[in-house]
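These notes open a run of structures that come right after.
One chain, subunit A, appears in both complexes that follow, with subunit B as partner in the first and subunit C in the second.
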Partner chain A sequence: MATAVGDRLTTVWTGLDRRHHLALAALVVGVLAVVPLVTNNEFLMNTLVLIFLFGTMGHGWNILGGYAGQVSLGHAVMFAAGAYTTAILFVYYGITPIVGIPVGGVVAAVVGLALGAATFRLRYHYFAMATLAAALIVRVIFFRWEWVGGATGIEYPFAELGTLASLTFRGNLPYYYLIGGFALLTTLFVYVMDRSKLGTYLKAINMDQAAAESAGIDAFRYKSYAMGLSSLITGVCGGLYAQYVLYIDPASTLRLLRNIDIIMVAIVGGIGTVLGPLIGAGVFITVREYTRTSLSGTQTGLGYVIFGVVLLFISMYRPGGILNRYGGRWDD
Partner chain B sequence: MAQFEVDDVHAGYDDLPVLKGVDVSVEAGEMVCMIGPNGAGKSTLFRVIYGLLSPTSGEVRYRNESVLGLSQRALLDHGIAYILQRDAVFPDMTIRDNLEMGAYTAPDGYDLEAQIGQMYDLFPMLEERADQNAGTLSGGQRQMLEFARGLILDPDLILLDEPTAGLAPKIIDQVFGKIEEINETGVTVLMIEQNVKTGLQYADRAYVLEDGQTRFSGPADNILDRPEVRDAYLGGGTDEADGEGGSEARL
Partner chain C sequence: MSTDTEGETEADSATTSAVRTDAASVLEVDGLRKEFGGVTALDGASVEVREGEICTLVGPNGAGKTTLFNCVMGAFPPTAGSVRLRGEEITGQQTHETVQSGLSRTYQIPRVFPELTVRANMEVNQRHGDESVLATVFRRTDAETEGDIDRWLEFVGLASMAEAEASELSTGQQKLLNIAAALLRDPDVLLLDEPTAGVNPGLVDDIAGMLAELNEAGRTFFVVEHDMEFVRRISDHVYVLADGTNLVDGPPEAALNDPRVLESYFGR
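Right, the complex of A and B next:
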């Protein structure tokens, strides 16, 4: 059934032209924009905020992993770079997150480019392993680094919350629009990129790097562009996450599963597709939040078990993800 | 003056020298075939020419200008195209998009539509299937697409790395027929070929590479008749390899 639904979605989407895409997107955005006016259900709002956040992170990962084909298992590093930069600038130096979040994105992009420069010579699983190793090393460093709070991390001071300069809010509503807005912006960017020359070159490198190089495409340069953009988006997500939870530590920002979460939403939704990460985040976060709240206490890990089963079925019946860029042919 | 020259190139991997003095000289408009047993250094030579491997000494010149160590893009800008040995199309792009990718480095004022039109004239099959994904093509058709992609910038010299590798015998003649057609439009062709007999049938001249050195060169049609070539290339046993069937079996 999931296969049929996914095929249907893929066909409907690819069968439409640009005007219809925008009209459909406007409709979805319109509905989402009025949701908070209709309900103020905490659970629903929190779930949607997290879907926006994870969907956007999925977008970030997807530019590098889905389009350029460089599977990074270390994107938590860029996420943490953005989160820590934002929190440190605000809590230590009193710099507003309105500045801190973009700076965090830039720091994450620089970190990503450095990581890329060191690892882009590696291909396939060697690249994935190198990025995973980087994530594990950074995690250990942050656990021991006193200046960034070590294992206890950094907490936002309660007294300064709620002001515009702090970009922190009571209640979910402002976060809903803030993070939702960034999700929308990122989605539009990926939509344009997908059809741009950059998107085409990244796909070409993904399909056959040697062939792309023989056509004169500088693979290293384009992979670096992808890494920079991917890291920037992931870093901004880190900053937004810090603003939302008001507390960051290595255990939450750099845990191993964080790397996997980011990839999961892209893979489930459809790797290398514009809407895949959002759809994947919808499935992933809904399952996770529902199981987390309704099965609280002893069965906290159950969400991952259920999601694991979902993932298993997707990999068996729809290996390209719910929206399948390759129309069923993925193993090639 | 030769259009393209390889001058005393030595190269290898770590401590293993593969090329121990290779000299090649190709005139404009020629079709030259490099042959030699496995491990003779044919692919290594192409890697050096295409800037994927740095030689320890020697020089590669194009129109009397050194092109050693240039990027693939710079070589394309010089008018040298490289067509990879294996199947190297972009399977999830249409044939037209594949051709457009070939024009990635096109200079200002380049007429993409006209060039694509020329490629369609040369390979009508590609026009019929322009909107089809390249992944749906057969092996021989993919090879044609690769040729077209390599030719779209109108290069003066194409390097072909085993253009018929992995193709059915029936297709091989067609592919060589196309290479000959390309050559007749004035494009210089330098190729490595494993299907020695067929390759030599079509080429003007051949080089025999053995143990990292160019041992012989001469007109392609009689190079296999030279006893020293047969000796080197067939690894001795000249007498037995005399007959048609005998030499083919060994090749």
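Right, the complex of A and C next:
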């Protein structure tokens, strides 16, 4: 059934022209915009905020991993770069996150480009291993680096909460629109990129790098573009995450599973597709949050078992993700 | 740059310089050597491709033809020797730099981007400058390139399949797409690696016709080929390579009928 639903979604989306895409998107955005007006359910709002946040991170990863085919296992580094920059600028220097979040995105882009410069010569799993190694090294450094709070991390000052300058809020609603707005902006960007020169070149590099170079494409240059954009988006997500949870530490921003979470939303939704990360985040976060809050606890770990089984079924019956860019061919 | 080997035949020495056009050299490969570990794939091979000619490279399996192509295109750097395009040294350039310098190539086994449409495959080959990231995000192609894409797809007979995925094309059609895509860059020299391999006889005729038409219009080709009938049909000048070095070069009939060439293919 998952296969049929996924195929149907893929067919419907690819069968529509640009005008209908925008109309459909406007409808979905319109519905999401009024959701907070009809319900204030905390669980629902939190889940939707997390879907926006992880969907956007998935978009970021997808530009590099899905489009350019450079599977990064170290995107938590860029996420942490954005989160720490935002928090440090605000907590240590009093610089508003309105400035701190974009600066965090730029810092993450610079970190990503440096990582890319060192690792883009590597292909396939060697690149993935190198990025994972970078993530593990940065994690250890941040645990021991006292200036950034070491293992205890950085906490937002309680007295500053709720002010516009701090960009922190006392309910979920402003975060819903703030993070949702960035998710929308990122989705539009990826939609445009998918049909652009960059999107076409990245897909070509992904399919056959040697042939793309024979077409005159400087693979290193375009992969760097992908890395810069991917890291920028992930870094901004890190900053938004810091604003949302008001506390960051290496255990939450740089844990091994953070790298995997970012990838999972893209893989579940369909790598190399425009809407895959958002749809993947919808499924991934909803199942995770529901099983975690309702079926897990001190007496039972059933939530994670069910969560794992759901992911297993998706990978078995929809190996290319819910929106499968490769049609059924991955099943062959 | 004819081969000065000892024991040069009369036919060879009589034909190499006499019949060949005196047009300017476009591509000059001089003393190219390539070693892979202990194996010498190219041992001082030299080739000169002149403006407006179809120059063909033949030789038995293992002669080093594709290695020479790969070294010229920058797929891997030569151990020694030089490659010059319109007099400018391009030896050791990376592939994308070589392409931007003015060479394009196709492969023996066609290489398309299977999940991209035929049109998008062409777009991959549009000219790439020093574009900023934003310029590549908010543009797909320009109107002039769009027109050129239509023109070349029409030329190779793939216009009606422009929106089909390249994976849906037959091998022969994929070869045509490779040729059209390479032509989009308007290269100084187009290198074709076995354009007739795996292609049905009807399409071989079509490809020969296309090359003749393009050559008539002034395009220069450097072709690796095994089909001797095809070589005789299209070539202005033929180089024969054996064991990584030049054996003979000259007009097709003279070069291909040289006893040393027959010996290199069939043995004594």
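Assume the second predicted complex is superposed on the first by the 323 of 332 C-alpha atoms of A that agree within 3 Å, B and C clash if a C-alpha of one lies under 4 Å from a C-alpha of the other, contacts with A are read in each partner's own complex, and residues count from 1 in each chain.
As a convention for this text, a residue touches a chain if its C-beta (ideal position, glycine included) is under 8 Å from a C-beta of that chain, and two chains touch if they have at least 3 such contacts.
Everything numeric here is computed off the predicted structure, so don't read it as measured data.
> Once both complexes are superposed via subunit A, do subunit B and subunit C end up clashing or fitting?
Pair status: clash.
> In the superposed arrangement, which partner chain does A:L198 touch: subunit B (first), subunit C (second), both, or neither?
Only subunit C is touched by A:L198; subunit B is not.
> With the two structures laid over each other on chain A, which partner does A:R8 touch: subunit B (first), subunit C (second), both, or neither?
neither
> Quick one: is A:H20 in contact with subunit B, with subunit C, with both, or with neither? Answer first, second, both or neither.
After superposing on A, A:H20 lies clear of both subunit B and subunit C.
> Which chain makes contact with more of the residues of subunit A, subunit B or else subunit C?
The partner with more contacted residues on subunit A is C.
> Once the shared chain is lined up, is A:I217 touching subunit B (first), subunit C (second), both, or neither of them?
In the superposed model, A:I217 contacts both subunit B and subunit C.
> Which partner does A:Y225 contact after superposing on A: first (subunit B), second (subunit C), both, neither?
The second partner, subunit C, only.
> Quick check on my understanding: which residues of subunit A belong to both its subunit B contact set and its subunit C contact set?
200-201, 203-204, 207-208, 210-218, 325-326
> So in the complex, which bits of subunit C are touching subunit A?
73, 75, 94-96, 99-100, 104-105, 107, 111-116, 120, 123-128, 131, 133, 135-141, 181, 185
> Looking at the complex, which residues from subunit A come into contact with subunit B?
Going through subunit A, the ones touching subunit B are 200-201, 203-204, 207-208, 210-218, 325-326, 329, 332.
> Sort out for me which residues of subunit A touch subunit C in the complex.
Interface residues on subunit A, with respect to subunit C: 189, 192-193, 195-198, 200-201, 203-204, 207-208, 210-219, 222, 225, 228-229, 325-326.
> Quick one: in the complex, what on subunit B touches subunit A?
It comes out as residues 71-73, 76, 81-84, 88-93, 97, 101-102, 104-105, 135, 149-150.
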